[in-house]
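Multiple structures follow.
Shared between the two complexes below is subunit A, which pairs with subunit B and subunit C, respectively.
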Partner chain A sequence: MSATDVVARPTGTPAGRPARSHQRGPGIAQKLLPLVPAVVLLLLFFAGPVIWSLYTAFTNEALSGVGAGATRFIGLGNFRRMFSDPAFLSSVVRTVVFVIGSAVIGQNCLGLLIAMLLRGRSRAVQSAVSLVVVGAWVMPEIVAAFCWYAYLNRTGSLNSWLGHIGFHQDWLYTAPMFGVILANVWRGTAFSMMVYSAALSDISPDVEEAASIDGASGWKRLWLVTLPMIRRSIMTNLMLITLQTLAVFTTIYVLTGGGPGTKSQTTPIYMYEQAFKFYNLGYGTAMALILLIVGALFSLVYLRFLNVDEK
Partner chain B sequence: MATTVDVGKKAAPASVNPSVTRTKPGFNWGNAGTMAVLAVIIIWCLLPFYWMLVMAFRDNNFTYDNTPWFVHTTWSNFSYAFSTINNHFGRSLINSLIIGTCVTALAMIIGVFAGYALARLAFRGKGLVLAAILAASMFPGVALLTPIFQLFTSFGWLGTYQGLILPQISFSLPLAVYTLTSFFADMPWELEQAARVDGATPGQAFRLVILPLAAPALFTTSILVFLASWNEYLLSSVLYNGNDNVAPSTVAIAKFTAGPHVVANTQTMAAGLVVTVPLVLVVLLFQRRIVSGLTAGGVKG
Partner chain C sequence: MSTLAPARSAPPRAPRSFSITSPRRSPARLLALLALAVVVIAFVAPMLWLVLGSLHRDAGLSVPFGAGWTFDNYSKVMNATTLWTPLRNSCILAGCSAVLTVIVSSLAAYPLSRYQMRFRRMFLYTIVFSTGLPLTAVMVPVYVMFAHFNITDSIWATVLFMSATSLPFGIWMMKNFMDGVPVTLEEAAWCDGAGWFQSLRRIVMPLMAPGVAVVTIFTFVVQWGDFFIPFILLLSPGKQPASVGIYTFFSQYGAVAYGQLAAFSVLYTLPIILLYGVLGKFLGGAFSFAGGLKG
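== the complex of A and B ==
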């Protein structure tokens, strides 16, 4: 199965289905019946929580302090507090840095690079490389995070090895964002690599051959022929890894806990602290809501791109 | 750059085999460059694995010894991990298995029905619905954590199996439904119609014709769902609510150290190794399937 068109399928027409068959057979209600369990579960534990958070975000609910005894509706109070809370605002900036650094630049470009390098290699090389890359991705996030902690911390292996060549650094202290971005790129690159490998394998070599006969240099061919041909895969991939990276919690929590101080505190970390350390559930939920909205906006932008492509 | 130079070579089937290219007289610098970059990437990917392996077999008293090869080797970290006096790691592995199996089985049953129905139904905006499902599978779980926590507090479900299993099903459902829908959409409908013409009921046609054909797809999707469940940490770490009898292995591992962002001691690494080795085996055995399933679904667990 060719993977590019499948990745891009959501905007395409459903394949392989004779047009007339939906006029026959069971009625529409009967056809929708198999969807019911999925819809019910998603309503209960997916849409439900979203709606619940819509409500909680406008209350002062907390497990301790004033909001604990009498939870009441405080309107936009949480949001007003949020946008005058410097800790929140800088957490948003760090989240953006984290997403751009580890998803848009790191995973996306490295994944594309590996996919390009693997093109036309032997089976053995391809499986060996993808085994280790996919291996990093399949590892439980919490284990990967502990691994990277052992690797990057003050007394960690990387520091002491670099120390031998006079380059001692306490990565997680001097460059915490860089540390967490590095760990997240390590963990997540496999996905982009797989998407791009599949997309590249769908490009007919003739096209690039023709371009090269016409005198296009390597870079020009990449920029003007190859990349435009896989642009839908690029957009889909960017959308997915952006959403994924927005939500990254465990890696950062284990590696730095948001520190030192708040130097690597992204919004999910700050939200978690507010909700589960300081028990400000209302405030935490309001932040969660913002996170959801940002995620939804990102998806909309990418979907829009895909739709434009369609026409 | 090496990457783009050899892109055109793919055309001729003979040159697809790089061993031919490599042994050609006249050293191919572009090829060597590519191999060098790939080697660096492999080493970069392997180093943390390697370090975990070294640490897992290192005497706990030498946690801070950074000798980059095996010294002070011992099995004691593993016996510590499985000793029931110190922790519940052994139990947590069973819990992970229970939770993973339930999540996979239920999500697959529900997902197969939903995916099949979605693949068959033709309606306007179906592409958007599928894209929304795909986006939902990427939604930040951390954002749904507080509402689910509150919901389960009122249900009294904190620290119960169902409290850990049900949200995971709904989190993995979008992934499963999307992947299965794209698999089902590729199925030849003529076969099913032929079965109907021969007098099979819709249920029979589905059970006897479609399901066997879809078996590889179901298997791939099950692996992905199970992996996601086995690796889930954030949700469980809050919802298990201190009840070690239901805590999955990821939660148990996190409790090995005094807390997050403290030194990951050798025992944590040993436990991490125990949890990771089965996954590496799964990847070794089913790499091609996992990759095809993921790129078909276009999703990430």
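== the complex of A and C ==
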């Protein structure tokens, strides 16, 4: 993808944007000097491990067992094992279910719905709703997970309320995926809500009014006018929340630990287990590499929607 | 905010169709308010246990009504090993990585904002690209690398790693804030013979103080709340931050002392809530900064 074919965005040019033609002054070496600390840190602690994983993923490195004494290069062994490992394959399916359920459907739709419902409401209603929704987002992930652990537990609040209508069950055992998806929707919706609120406030009311004068009903206006106008925000938001949800670990780890059995074991949880519980670092790294590649692909798509010079 | 204000004065002539986007007709308005009330209740419900449980003597995973309200849960967790040491470690980890991120990213943002360079665009794309990589996946190779160089369980190595993870987003935000400072203001200083560093320190940074505050607070909040990085990289309890300390407490005493777990959680969350309040002030209220993320 070349940088130049990113569509320029006419809005939001920063005030008093500096003239880029400033050519006199320091030479190239001096110009680059301030970048050095950032580049060194990023290379050592970010790019370094990623490149390192390219090596580890092809070895049998482990902290116990065969690979512990002498780490050997085993070629595609880890990847062959991965794609014939039923536990890995079903963890991928669960990850897809988790991402689609909690991000693409849950956070995205609920966030859009709340943002639309909040349009034109009084200041008091707007701040009350965003306080609560954003509150769930601001909370440290581990505390949010405790809240949901207590909420969904057999003896938790939800059951003590539902008990009155006889709908009482141990949610984290009977429907663990549903539980972790709900918790993640609760935690992440604020982000989509804020993105969509910002996008919707950019739409001129005239456009929608014109549509409604032309006789478009509420739903038609939504499908044919409002949504197409914010489609750029929708795509950006979908990319970002998919990336965030793909990497969710703490919420699931605290709520169910991947269980019962492996019923809510997503790929990050399985990777953690393999690498840090069974100390199969080579195998764990190979899984990490796959996750990184999937993340990188989504990240590249996200870049398509972004123009670094216009923001 | 009322987008269709004129129409409101003539409700009988409005088309009789259901709308979820316009505020003018009262049945739709009522329905919208009702839906928002449901949203508020659904979002508040899971938080109730946290606040009520921390204040009740007999708190389990649900909180009984009636007598037993107390601050005992708070006083019980307020000791060095349970609360103060982990909180101190959280302050060190989040504070140092926030300061480091701000210094390094403001330095890096200067040439990216001020000079026309051939690979500037490329660099910015790489920066944004790396904000998207799943950090969870990076942790396995990071651990392998840390173990190889024998720097696991080191607070300073963890601070450096945390800063590196905050840097891409920090540089990105800092560069955008810096673009807002007109370059003409610096020209006078250049004429007086000031170098880039003096111009950055004496002119640009003071003018973008709110931006610097935003990056500082944002990095602090993210690292304060992070669980996975210290969980993997820090092994001795004396070095672990509150996020890991609270998890250890949960797995050790979770089954018996839910009230204390809730109290611990509240004390750990409170600083973040306060900082977000401050952040909201800098950003003109209304938590609007997610707008900065979109293209």
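One rule holds in what follows: the second predicted complex is superposed on the first by the 269 of 311 C-alpha atoms of A that agree within 3 Å, B and C clash if a C-alpha of one lies under 4 Å from a C-alpha of the other, contacts with A are read in each partner's own complex, and residues count from 1 in each chain.
The working rule: a contact is a pair of C-beta atoms (placed from the backbone, for glycine too) under 8 Å apart; a residue touches a chain by one contact, two chains touch by 3 or more.
Note that this is a predicted model, so its numbers are computed, not measured.
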| item | value |
| --- | --- |
| Subunit A as common anchor, with subunit B and subunit C clashing or fitting | clash |
| Touched partner set for A:S130, first subunit B, second subunit C, both or neither | both |
| Touching partner for A:A38 - first (subunit B), second (subunit C), both, neither | both |
| Which of subunit B and subunit C A:G259 touches, first, second, both or neither | first |
| Which of subunit B and subunit C A:I241 touches, first, second, both or neither | first |
| First (subunit B), second (subunit C), both or neither touched by A:R72 | neither |
| Contacts of A:R80 with subunit B and subunit C, given as first, second, both or neither | neither |
| Contacts of A:E208 with subunit B and subunit C, given as first, second, both or neither | both |
| Residues of subunit A at both interfaces, subunit B in one complex, subunit C in the other | 3, 9, 14-19, 21-22, 25-26, 31-32, 34-35, 37-39, 41-42, 44-46, 48-50, 52-53, 56, 61, 113-114, 116-121, 125, 127-130, 132-136, 138-143, 146-151, 153, 155-157, 160, 186, 191, 194-195, 197-198, 205, 208-209, 212, 218-219, 221-222, 226, 236, 239-240, 243, 246-247, 249-250, 254, 268, 271, 275-276, 281, 284-285, 288-289, 291-292, 295-296, 299, 303, 306 |
| Residue ranges of subunit B touching subunit A (in the complex, touch as defined) | 1-11, 15-19, 34, 37-38, 41-42, 44-49, 51-52, 55, 64, 66, 68, 109-111, 113-114, 116-122, 126-128, 130-132, 134-136, 138-151, 166-167, 169-171, 173-174, 177, 182, 185-190, 193, 196, 202, 227, 230-231, 233-234, 238, 250, 253-254, 257, 260-261, 263-264, 268-269, 272, 275-276, 279-280, 282-284, 287, 290-292, 294-300 |
| Subunit A residues within the subunit B interface of the complex | 1, 3, 6-19, 21-22, 25-26, 31-35, 37-39, 41-42, 44-46, 48-50, 52-53, 56, 61, 110, 113-114, 116-122, 125, 127-136, 138-144, 146-151, 153, 155-157, 160-161, 186, 188, 191, 194-195, 197-198, 205-206, 208-209, 212, 218-219, 221-222, 226, 236, 239-241, 243-244, 246-247, 249-250, 253-257, 259, 268, 271-272, 275-276, 281, 284-285, 288-289, 291-292, 295-296, 299, 303, 306 |
| Parts of subunit C lying in touch with subunit A, wherever the complex brings them together | 1-4, 7, 15, 17-23, 28, 32-33, 35-36, 39-40, 42-50, 53, 60-63, 103-105, 107-108, 110-117, 121-125, 128-145, 160-161, 163-165, 167-168, 171, 176, 179-184, 190, 195-197, 200, 221, 224-228, 232, 243, 246-247, 250, 258, 261-262, 265, 268-269, 272-273, 276, 286-295 |
